[in-house]
Amino acid sequence: MKKDLSVEIAGVRFKNPVWTASGTFGYGLEFRDFTDLERLGAVVVKGLSLKPRTGNPAPRIVETPCGMLNAIGLQNVGVEAFITEKLPELEKIDTRIVANIFGETVAEYSEVAKRLDGAPGLSAVEVNISCPNVKKGGIVFGTDPKEAFRVVSAVRKAAKRLPVITKLSPNVTDIKVMVKAVEDAGTDAISLINTIPAMVVDVEKRRPVLANAIGGLSGPAIRPVAVRLLWEARKATRLPLIGIGGIMTAGDALEFIIAGAAAVQVGTASFIDPDSAVRVVDGIEGYLGRHRTTLKELTGSLEVN
Amino acid sequence: MKKDLSVEIAGVRFKNPVWTASGTFGYGLEFRDFTDLERLGAVVVKGLSLKPRTGNPAPRIVETPCGMLNAIGLQNVGVEAFITEKLPELEKIDTRIVANIFGETVAEYSEVAKRLDGAPGLSAVEVNISCPNVKKGGIVFGTDPKEAFRVVSAVRKAAKRLPVITKLSPNVTDIKVMVKAVEDAGTDAISLINTIPAMVVDVEKRRPVLANAIGGLSGPAIRPVAVRLLWEARKATRLPLIGIGGIMTAGDALEFIIAGAAAVQVGTASFIDPDSAVRVVDGIEGYLGRHRTTLKELTGSLEVN
Amino acid sequence: METRINRQAHLLYNRKIRDGYFRMGVGFATPEVAPGQFVMLRVAESFDPLLRRPLGVYKVLGSRGKWAFKGTGVELLYRVVGRGTHLLSTKEPGETMDVLGPLGNGFPVINGVESTKVIMVGGGMGIVPFHLLRKVFPEALFLFGARGAVEAGLASDFKGMGRKLKITTEDGSVGTKGLVTALLKKEITKGSVIYACGPPGMLKAVAAMALREGSRCYVSLERAMACGIGVCLGCAVKTRKKEKTYKMVCSEGPVFDSTLIDWEKL
Amino acid sequence: METRINRQAHLLYNRKIRDGYFRMGVGFATPEVAPGQFVMLRVAESFDPLLRRPLGVYKVLGSRGKWAFKGTGVELLYRVVGRGTHLLSTKEPGETMDVLGPLGNGFPVINGVESTKVIMVGGGMGIVPFHLLRKVFPEALFLFGARGAVEAGLASDFKGMGRKLKITTEDGSVGTKGLVTALLKKEITKGSVIYACGPPGMLKAVAAMALREGSRCYVSLERAMACGIGVCLGCAVKTRKKEKTYKMVCSEGPVFDSTLIDWEKL
């Protein structure tokens, strides 16, 4: 018997709990040759800003032990081009689309959300708050509970019809404080984690490898940190949580689900194998069969001494 | 020509900038069969508390991608046994000994420091502030600048003759705030980073693998995070910094040194090869020869756009 | 010669003896090895997997001493259970591999113990230390428990023991049907000295039986390990003593007096 | 057949042709490959190293089409420069390996370009795409620059070109002494169409010369890559255009019109 893998998050039903992570799956269409997009729970597209952005100088990526750094600089086509060029194509595919958004000011965030609200074929917005607020001397929205509250409140207001998912940065002393702040701001769900700030030095050139010096660490190296943060967040809220960080296999995804994630996102793994997310779906299905259990029963079933 | 690798930190001259990291090198003596202890810059011993501690239930360790978690629970022989049983043996070895200390209250920290002050053969104390303050509801000294200030001030006062090195936790939003706090408290040097809190779930048992649920992530996986934090700390203080995190090779150590570390500590690598730290010394020597440069010139020579 | 080495060794052979089971010869000037000691092997030139894997010494290749054995290499006998042992199984003769050891304390050879009183109890891969130990106690009994015929085949090297080798399998395919503790029950006497190695459940049952009969009993335990030399304090096992609650399997074991262990917490 | 595949392929052979240089045959039903396209290979069943490695297609094994080539596998030609390529070099025939490709855009075959006007310029490992490209332009010249005799040996497959192959080495050990740009200087004319692949310094000099002479010039660039399919936006190269500053080497290249590139920022 086919297992029911569907999950409801913020009033929207998703085929299954396996989504792709923003920035690692382009606009989805690029993967058509390599994977069956219709088997995914959702495609979360590359972060969108009000205006197109050209991104950072090269080098932008570097490999690290069991991980990689990226400093793409949030290059993207901009929200308008997304709506007019990408979304119509994506609508033809039977999978849910989530738009990841960011801005440099609260006003920009809310403007992007407003444009996306009501765009046909969109199921939710995911707010990337790991960005500096240029109006506040570059303080990162996602590391200051007050700023996070402001930006999420504004998006919540702007996106009248769309569920809002807030994506948290791991770069905080206490994730519970951030969870509370964005919950108070009215977010419908929380996804975590974004990348961990990191640096690699080229010892021959005595320079950072990345032109931007610092980049975000992703991949299997960060998974144990992400699972811990997911579990801490789980204890701080009843909102649906979406686990992200180093998921390469179904077993990895199940760690998050057992710790309390309603869904997960597959990121860097899609670079190593563009079919990774679908393999995760298959693996979860197999696990549920083998253990004669359901996704619902499994979610948050972690037992701790 | 033999390169001069010696460095002076807090008024003490070390043979070279390669130390072992606390908790990964026992009390040093266990490595006599496998490495030449006299070729190390310093041996930092397992964290010492006022009373002996038996540590956490098993399992205490688990492997992760390019890393491992540990939740040893700071098992140690206690400061008295260290002074009477270990230190006399260590004194016979021509290498510097640094005592890593911790406590559950400010008073305990300062008591341990007091006992060590004047102990023959000791070159410095390293204060591990990544511990919960039991008197303050478990708030971790190392993630709260006020608590960090209090504990380091107290140790500074208690350790009249010994240089004090404060070891920072990476688990903070802004490392610069912690650097300032411990600098104001009078620390002579700063070492960073301690492990990153993390978790692994056993998906078959639906339990955390570690009996303690959460453990500290160490090993190459965390190196890029550690290098970034070292560099951020470098920009916030002129105190000597000691870089720690995922150093497996001389190249890794040089990343920290170029980013501004006066010395480094080799941790998890000693489990994979007990001779790792000495190989790092050799590799740094080779690099300096090949590049016709000196340690002094190299330290902090990172060029950033 | 040093007592413990950390060296690049040469893989001499790596033979599949049955599905999932391999014998690997590793060449290096081998210090004295006591039965029950182990080595830590680096399974790949990679940090994923990061940690070395512990494997018991099955044979010493070359000359032998009296209680302990030195030579020109060791033979390991291992089962593929995960990624580390899988990587080991793909290695080819001529490749090099980092070896650390021999580590831990072997089975204690107690003064005045007669070989005839010794009962060796092995379960599954727990057979490994007994190939060396039976040279120390030529008259000892060896009771070996296996799941089925494949695992029972591991005892083929012990055939020369004749009637002193008794095999039991869970499915009855070889020897008697049942658990090895049933064999032990028939053989154990007050004066027996038991040496056991195998899965935790078996060891617990053996220890309980030894306690009831008043026999001395030594068990070899397993734990995930990082350092293998007693410094990471990762391989802790809870003891019944109050004062020092944990012992390290790598440096204070892997062999322990069974009365020392807190079997409830194992 | 799909145009691009993501599949487990079989390693057919992996021959050291000289120190540090290997030819590897990888078997899989190969979609059409244009000269200049590449594949991404997973070098180990490990996450250290994590990312696939890009390698150009040197030959297509099996049948051929007209501009593009399909078959039963590809031959790769690579140099060991780091851990990924070292791991590749240890692989044995019969092993499997994940292959993604063919990726990127090959060298553009421009309408009306006569083979006789084409100059192919390769430096070092930049020789790779020309084995396929010369089948498209049988009359083309091939100027190959190498550091010394070992690298110059890579051109042995091109011997059949006779006088259309010109080799230069930095140390003068084979062919003329000097850089490949010196050869180009002699051959370039206004009507030339240049296809170049090699180290960045060489490409920059070739592009500059083409610009001066008014020749069209296409260069194949390299960048560290994560995805190979244009989604991570990691392999950016700066262009001279204002509006869209960066292009992706993997999906919009690796071959670019040389006038498009901001050579100062390369």
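Order of writing sets the labels: A, B, C and D. Residues in every chain begin at 1.
Note that in this section contacts are C-beta pairs under 8 Å (C-beta built on N, C-alpha and C of every residue); 3 or more make two chains touch, one makes a residue touch a chain.
Predicted model only: the values in this text are computed from it and were never measured.
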> Is the C-beta contact count larger for A-D or for B-D?
Replying inline: A-D
>> Taking each chain's centre as the mean of its C-alpha atoms, which one ends up farthest from the centre of chain B?
In response: D
>> Taking the mean of the CA coordinates per chain, how far is chain B from chain C in Å?
In response: 36
>> Report the inter-centroid distance (CA atoms only) between chain C and chain D in whole Å.
In response: 54
> Whole-Å distance, chain B centre to chain D centre, using C-alpha means?
Replying inline: 47
>> Residues of chain B that contact two or more other chains, please.
In response: 64-67, 219-221
>> If I count partner chains per residue in chain D, which residues reach a count of at least 2?
In response: 47-48
>> Thinking of each chain as a vertex joined to the chains it touches, would you call that graph a line, ring, star, complete, or other?
In response: complete
> Which bits of chain C are touching chain D when the two form their complex?
Replying inline: 44, 46-48
> Of all residues in chain A, which touch chain C in the complex?
Replying inline: 65-66, 220
> Can you list the residues on chain B that touch chain C in the complex?
Replying inline: 23-26, 30-31, 33-34, 46, 54-68, 70, 72, 75, 219-221, 248, 268, 270-275
> Any idea which chain B residues touch chain A in the complex?
Replying inline: 64-67, 69, 143, 171-174, 196-201, 203, 206-208, 211, 213-214, 217, 219-225, 227-228, 231, 246, 251, 254-255, 258-259, 287, 298, 301-305
> For chain D, which residues are in contact with chain A within the complex?
Replying inline: 2-4, 6, 42, 47-52, 98, 100, 223-238, 244-246, 251, 265
